[in-house]
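Each of the two complexes below includes subunit A, the first together with subunit B, the second together with subunit C.
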Partner chain A sequence: MRAALAQASLTRHRGRTILAVLGVAVAAAMLLDMVMLATGMRESFRELLLSRGFEIRLAPKGTLPFDTDATIPGVSAIIATLRTNPDVREISPVLGASIHVLAGNRDVSGSVLGIDPSVQGDYELLSGQDVAASNFIVGNDHLLNQLGAHIGDTLSVAIGYDPQTRTYSGQRKLILTGRVKFIYGANDQSSAAVRRETLEAMGGQNHDRASLFMIRVRKGADAERVRDWIEKQLPNVTAISIATAIKQVDERLSYFRQLALILGAVSLFVGFLLVTTLVTVSVNERAGEIAVMRAIGVSRSHVVEQIVIEGVAISLAGAVLGLALGLVTARYLNTILSAFPGLPMAIDFFLFQPRAAWSALGLLIASGIGAGVYPAWRAASLPIAESLRREAIA
Partner chain B sequence: MLAFLLASFLFQTPTPIGRASVTPDSPQPRTIAIDEALAARANLKVGDRVSVSARPGVVGDTVIVGAIVRRGADPSEVARGDLLVRMHLDQLQAISGYGDRVDRFAIATTPGADIPRLIDRINRVAFGFKAYESREIAVETSRTFQVVSRFHRAIGIITIVASSVFLLCIMVLKVDERRRDIAALRLMGISRATVVRSIIIEAAVVAVLGSALGVVLGWIISQIVNWHYQALYQTPLAFSIVTPPTVIFAVALSLVLGIAAGVVASLRLVRTPPLALFGR
Partner chain C sequence: MSADVATRGNLVSADRETAIVSLRDVRRDYALGAERVHALQGVTLDVERGDYVAIVGPSGCGKSTLLNLIGVIDQPTSGTVAIAGKRVDAMSDREATQFRLRNIGFVFQRFYLLPILSALENVALPMAEAKVAKGARLQRAAELLKYVGLGNRERHRPSELSGGEQQRVAIARALANGPMLLLADEPTGELDAKTGTEIISLFQQLNTDGTTIVVVTHDEDLASAARRKVHMRDGRVVES
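== the complex of A and B ==
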């Protein structure tokens, strides 16, 4: 009965109701996007870090992995120290450098990782063969496209460019054996990987150095405890666990989280205001009707429920429409932010999670109920006799 | 002369800073300038003696904090959380093992100089480096900011759509609420055109007053946003600026939408017989 009356009231002014639903839909879309932005970035980053099961990363003291060109000396000694902790399961040292691949008259520059293929966690092999020998190299699609190279080609690879003498510190021929996808690499970045000893030999002075260590801990071990132990044992490194990495990224990207919070709150408030205004106007117009209902014995709670249902119905309809609209706009906004220079391909700023959708829906329904409360209170407290008299005079 | 410590150097070789222990017969240390963030984090003040080194855990040169500086408004540095030290160029070259090298030269030209010709001339004779116009470097280093700017523009468009629907809805409701007044006017013999015109004028006045209030509110929010983010990132960068074109756009949009809503709603009402508007 209450629902039927609410429906009748909403369909009486179709145009007005449709406009209100549209307004709530846009606000709901914005709210969903902002909830996705606030939670998705962190979740996406966490998934990325955990994708290969390495819970701890070691970077040169005071830096984040590959944030600088600094390297950590004494790889063998560090590995020996780490091996003394039974909770450390696997260690993957990685050396990074700038690379120049010379193809005819062209010089394609990019980055190269020196890795141990048996424990590496930086890339996935898409086709071909991994760097099984010291004269093998694998590259990503961007590098291969830039070079016009194919698996099996021999590439002239150089590192350590000195702009003053226009010479390289190391140059050698390597066979392109595989096509890979770098997990932490950006779309617009040419990247390659070779064995660490190959890169060290080419670098000349980079012996027994690494830019980064990635560490897998034993199943069930407390990664934070291992991290604390490493920081005590190795004063020259910064040990970063997933939790600390997320905290650091949170600090850097706090702007987006705060923006999401502010815009989400504004969207919710706009939706609330719209529904409140519409239902209040509707109640004012129907003051006579409501007075008649009350005069023939309809209870206050019945009137209140009917009006709250109207508010919730508008919010719900707007939310459903807004969900679809929100997903489309989130995809568009994500495409814009994906163009951040150096951002890993796998990072999504807007990550759809059912929890985010439920949160947005819950907030909208709560706001719909809240929006109906004031007009419902006004309707329930209408003086019956006076309202009827005013209606009769009008 | 204090040389600018290039930010890129800091990224490549982290320079740890700690309290120095110097003997009384040490030569007079040289001075450095540090940024506010570093001063706050390391609890340093002007006159403090610290040790700077290019390697962690190694006691390096003792220097005196000569100045605490506020960083420039560089968008590319915002949110990185880097700490900046400015020191004498030769001292930096010595502690970093950089030798007689620099990362870049900044060249000031005389007013009216032919910059492209100068760059061309440098590049023709240069060996081992390349000259760029400052504008080119600014474009390259502000790529991150351009992405943020595109994102803001997209959010702005969505906000405009949302506020347009909101404004349209409110104006329609407002005019709709006047149905009985309009019916009375029509029954008194006031022409349809006069009624429509009066409603449009009313809608325009409401839209202008609303947008004026919105501009004031927007300016206050803009001040709060700047105050908050400047404190958060310790930068003088302006995050939000209310410009005359923004104000003109906002007022014009709300005026157009207000008038459109007034036209739509009033035409609908004047076409309805007055008695029907009374609900009879």
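== the complex of A and C ==
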């Protein structure tokens, strides 16, 4: 009966109720987007790191992967040391460098990774063939488009450009065998991959060096323990586990997250105020009606319940609508922000997580209850005789 | 059947002469800004079970205040109010609400039906609060609407009813839980003469069927229809 009364009260002023629901929906959409933004980058980064199953990364001491041009010497010795730990399953050394690629009269600069194709975790092959031989190269769409190159073309690839002598430390003809997508690469970056020995051979000073090691641990093994062991065994590297990397990302993004949380809190407060205003106006209009209900024996708690149901119904309807609206706006905003230069393609700013949606929904319903309780309790606590007298005079 | 419908559930005492309403030296003061208004100044009054009492007097003499105290929607500053032998002047809000729900029916000058509910739902509302099963309460609501002559208006909203019809629905609602006492505050105040006469007849019928009625009115016709008139002036009963 109370739910039916609440529904009837809301439909009495249909236009006003619809406007309030729309207002709450906008606030809910904003809240959801901010909750998604607050956790999205972190979760997206985590998923990105985990996507290829490498739990640990080794970078030159005191650096982050590809933060500098520094490299780690003694790849063979490091691999031998790592192999002594039974929890280490796979090791993927990666050497990075800048390249110039010449095709016809075009010269495109970009980056190249020297990898071992059997254990690499940096790209996915979209078409063609992987770098099975030392004279093969694969590239991303951006590079291929810049060059106007196709699979099967021969490219002139140079590394180690010296601006003073205007010469390269190494230059070689390579066959473009595949089209790939780099997992950690940006949309606007020309990237390629060759076998690590190819890149070492071109680089001269890069022999037996790597910019990064990616390590898969045995299933069930404690990655943090392996990381600690590596740091003890290899003092010239920084070992970064997923947890460490996320912690570092968290630190770097903390201001961003705080901003999102503040804006989310503001949205929630706006939604709360909207519902409180509507419920208060509605309750004031019905002061006489409420007094009569109390006079004929309707309990105070039942009056409060009915009015709270009204507040919750507005919040719930607004929240459901707002969640849909929030997802649409998040997708749109994500497209804009993901186009920011230098960001990995796989990074999402707004990552939908059911937990975020439930949190937003829960907060809105709680605010709906809060918004209804005070005006409801105030109205239900007014002296009945006095309210009826005022109503009669009015 | 009509009489059953109106009085069902009444807590009729074995001793029909027992006063159903008993007020002793009741005072009610209000704060009006810095001043204190003495709305009732020592009222003592008994209403017998089955009686039909009209409280009359000039505006501001304390009639409605007296009715509110009998109806347990207000509490006296001093004195005692007992209904069917039970002290109601110092009840908690919860006790008073339950007491009103089970024992008292209210009819107001402005009807005060819930505009969002149909006539049938308005009448059924107090029964829903009293936890009467849905089927039973709708059946009794329909019977009560028939009793007040609105058997064919069950589904109509208050806005689709005339003033007289709305007041009949309000009377049916007041009878919903079979109250021992029906209180009416200017029930004909918003009605034209013809409709007012119909309501007066309905009150007489209700009283004949066993309902105890206390009505506050300026309407001479309504007052004359009562078995007893209580005259008030300046917060006192001057003639009973």
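Please note the rule applied: the second predicted complex is superposed on the first by the 394 of 394 C-alpha atoms of A that agree within 3 Å, B and C clash if a C-alpha of one lies under 4 Å from a C-alpha of the other, contacts with A are read in each partner's own complex, and residues count from 1 in each chain.
We adopt the following convention: a contact is a pair of C-beta atoms (placed from the backbone, for glycine too) under 8 Å apart; a residue touches a chain by one contact, two chains touch by 3 or more.
Owing to the predicted nature of the structure, the values given are computational and were not obtained by experimental measurement.
Visitor: Consider subunit A as the common anchor and indicate whether subunit B and subunit C clash or fit when overlaid.
Guide: In the superposition, subunit B and subunit C stay clear of each other.
Visitor: Is the number of subunit A residues in contact higher for subunit B or for subunit C?
Guide: On the superposition, B touches more of the residues of subunit A.
Visitor: After superposition on the shared chain, which partner residues are touched by A:263: those of subunit B (first), subunit C (second), both, or neither?
Guide: first
Visitor: For A:20, decide between first (touching subunit B), second (touching subunit C), both and neither.
Guide: It touches subunit B, and subunit C stays clear.
Visitor: Looking at A:284 after the superposition, I want to know if it touches subunit B, subunit C, both of them or none. Which is it: first, second, both, neither?
Guide: The answer is first: A:284 touches subunit B but not subunit C.
Visitor: Quick one: angle from subunit B through subunit A to subunit C, Cα centres, nearest 10°?
Guide: The angle comes out at 90 degrees.
Visitor: Mind working out whether A:252 is in touch with subunit B, subunit C, both or neither, as first, second, both or neither?
Guide: The first partner, subunit B, only.
Visitor: After the superposition on A, what does A:29 contact: first (subunit B), second (subunit C), both or neither?
Guide: It touches subunit B, and subunit C stays clear.
Visitor: By the touch definition at the top of the document, which applies to A:70: first (subunit B), second (subunit C), both, or neither?
Guide: So A:70 only meets subunit B here.
Visitor: Which partner chains sit in contact with A:358 here, subunit B, subunit C, both or neither? Use first/second/both/neither.
Guide: After superposition on chain A, A:358 lies in contact with neither partner.
Visitor: Using the superposition on chain A described above, determine whether A:377 touches subunit B (first), subunit C (second), both, or neither.
Guide: In the superposition, A:377 contacts neither subunit B nor subunit C.
Visitor: Just how close are subunit B and subunit C at their nearest CA atoms in the overlay, in Å?
Guide: Superposed on chain A, the two chains' closest C-alpha atoms are separated by 10 Å.
Visitor: Across the two complexes, what residues of subunit A are contacted by subunit B and by subunit C?
Guide: On subunit A, the subunit B and subunit C contacts do not overlap at all.
Visitor: Touching subunit C in the complex: which residues of subunit A?
Guide: 1, 5, 8-9, 11-12, 288-289, 292-300, 302, 383-385, 388-389, 391-392
Visitor: Which residues of subunit C touch subunit A in their complex?
Guide: Residues 64-65, 68, 71, 73-74, 93-94, 97-98, 100-102, 104-106, 108-110, 112, 114-117, 125-126, 128-130, 173-174, 177 of subunit C touch subunit A in their complex.
Visitor: Mind listing the subunit A positions that touch subunit B in their complex?
Guide: 13, 15-16, 19-20, 22-23, 26-27, 29-30, 33, 60-63, 67-70, 162-166, 235-236, 251-255, 259, 263, 267, 270, 273-274, 277-278, 281, 284-285, 329, 332-333, 336-337, 339-341, 394
Visitor: Note which residues of subunit B are touching subunit A in the complex, please.
Guide: Listed in rising order, the residues are 11-14, 16, 56-57, 78-81, 127-129, 143-144, 147, 150-151, 154-155, 158-159, 161-163, 165-166, 168-170, 172-173, 176-177, 180, 229, 232, 278.
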